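Naming follows writing order (A, B and C), and every chain is counted from residue 1.
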């Protein structure tokens, strides 16, 4: 682990699209080395929250900082260089590029280009399947493999925090378990992870803490074990899904 | 086979090579920036005048004039992007198309003001090649080979460089690019520069075969766009193949009828193709 | 708007009676006829259906009319409507598959561009009848000027005025119709429009046919007025872009926009002709080009749109 790892801190963030406000005074903190989950029903604002952190959506008010960096005023394309990597909803791979080319796009920033071979090795060790399929078009792989490729692409820029948006979406239960296993490994290697999920039961097993988001507001937060045991949470989120 | 028909076929393939470069350039820019440069052929014209001027008026050796045309037209492409296209990126797409149509007039008129309406010839000609009664112009063959080299260089750029791969990626999904640390606006500039350089290369290959005049862009501009659309806008390989198809249609068409009819047939074929395959012949 | 137009028309109608010099009558006639074509183009252009091939319709109508007169002796009084009908048929043949197959945006613009080029090249290729790129003149008939539609400038002034008013009236009726709202909805979101029961294909087709007919009427009458037809100035990319330029400069979203644009274009042409002398043929497209870019960059709603917003 690097000496001074930055923390991600959001305070009073409001954000939305046009007339629609998706987030109301959201506060969140992810300390270095932590794995944090954000759970909540569909439309709770989870994706918007991640998009604020990776600069895709500008907060209307409040602050969003990653260490010394003010996310709200940094252009989005400059954020990967400061250590924020975002695996977006639906993976958004480049289906017409090979696995390796997808990794190359992930290593676009100058610092990452220099370390491409080293990082690619790391990703291929993490996901041996990707090594076998390095010259295959990403769009021809299975959903689980594509998710691994998307995570690998995000890891190419040596991030200090990894944002994962619904990594289990659209995957078969067995594959979901594999993906969460990988997330766990990544996190055990010391990378800070912020993961957004609807699959509450699964995600609470791999994160240290979690926030519960509902209708754009944080309605609960706590250690995973506590949340998993909380009857209110169980009823509204775990039971229903 | 009738040697004249064979000759027409071969000429069609050679012509396809010449069409291929502007088609690749147009497709590259469209794929990345999502704008059709309606003045693309006029950029080629500027390059042709550049080579002609440097070679015949300034006495530069031909290869130096060629070497100057590439960066010249490339810079023009960047300028076009920064001054005309970029300010309109948020506007309805059709406004961008029309603005580049304005640049078409501007360059055409500018060429008339500076060089007049005379046909300017470079006056270089390689000896024709003969093989079993089939004559092929040496100049056309050389231009064809150079076009293939240019297309190959473009392929290598898109396949092996970070920016090249990003260009292919951005053509598919531009919103996600900043997550990879890619500033789309910079990639647009690079694509415009490469698109301009391809126009410059096309200019070098055309100026040895054709006289340059202010309206020359109108003679191959429309067919360039047709080929792009036929191959699928933004689809480089499709455009490349469609260029040869159109080259053969035009060339054999003029063999059976005359030049205008061959273009009528080519454009008619284009419209039929669009109705049959609205996203291009080679759309997946 | 309507009283203003009536007043303008009334004033314009008496202009030739006031001993106005031929030169100004000439400018007025060309402006009005170009305004008709621009108004026709804007009927569809304002709904995002950007055609770069209106020259195809003008060329078709003009050459059908002139060839019927020269080769069959058919009076332009019949030849003009037949020519315009041919142009509308062409628009239907082109538009139906385009709209059916959802050829939109850039693809539509480029398909129409190809259509314009096809008509231009066909005119050139049929040089035995059309004179090719050298152009052709309708056969002069000094003994029957009315039958041949070969009037003095005064006669053409009234013809042009009539056609201009007709063009505006069609624009106005279209603007009032349900079609206008339907097309606006289609332009906004085609799928949403279709889902609320709008017949996307037929709405687009109807406006395209009307637009082509009006543009062809103005263009063909212009050819008849000049008594000279030429493939470059009646079909192909050059004339098509010129129509677009006039409509955009004036403002394609208002009824009088394309007319203001036409006056602006013709006036500009005259200023340049006087200002540049022999260099004119280069200066005109150069200045057109610069202005077109500047208009789209800074005044995308055109001259009329700019002042209308101010008010």
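FYI, a residue touches a chain if its C-beta (ideal position, glycine included) is under 8 Å from a C-beta of that chain, and two chains touch if they have at least 3 such contacts.
As the structure is a computational prediction, the values presented were derived from the model and not from experiment.
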Quick check for the class: compute each chain's Cα centroid; which one is farthest from the centroid of chain B? A
Count the C-beta contact pairs for B-C and for A-B, then tell me which is higher. B-C
Please indicate the chain closest to the centre of the assembly, with centres calculated from CA atoms only. B
Where the centres are mean C-alpha positions, what is the separation of chain A from chain C, in Å? 56
What is the distance, in whole Å, between the centres of chain B and chain C, each centre taken as the mean of its C-alpha atoms? 30
Approximately how many whole Å separate the CA-defined centres of chain A and chain B? 43
Please list all residues of chain A that touch 2 or more other chains. none
Chain B contacts chain C in the complex at 30, 36, 38, 84, 87-88, 91-95, 97-99, 101-114, 116-117, 214, 218, 221-222, 225-226, 228-229, 233, 257-258, 260-261, 263-264, 267-268, 270-271, 274-275, 278
Residue set of chain B touching chain A in the complex reads 162, 165-166, 168-169, 172-173, 175-184
What residues on chain C touch chain B, complex-wise? 48, 50, 52, 94, 97-98, 101-103, 105-107, 109-111, 113-115, 117-118, 121-122, 124-125, 236-238, 241, 244-245, 248, 279, 281-293, 295-297, 300
Interfacial residue positions of chain A with respect to chain B in the complex: 54-56, 75-81, 85-86, 88, 92, 94-97, 101-102, 104-109, 112-113, 153-154, 157
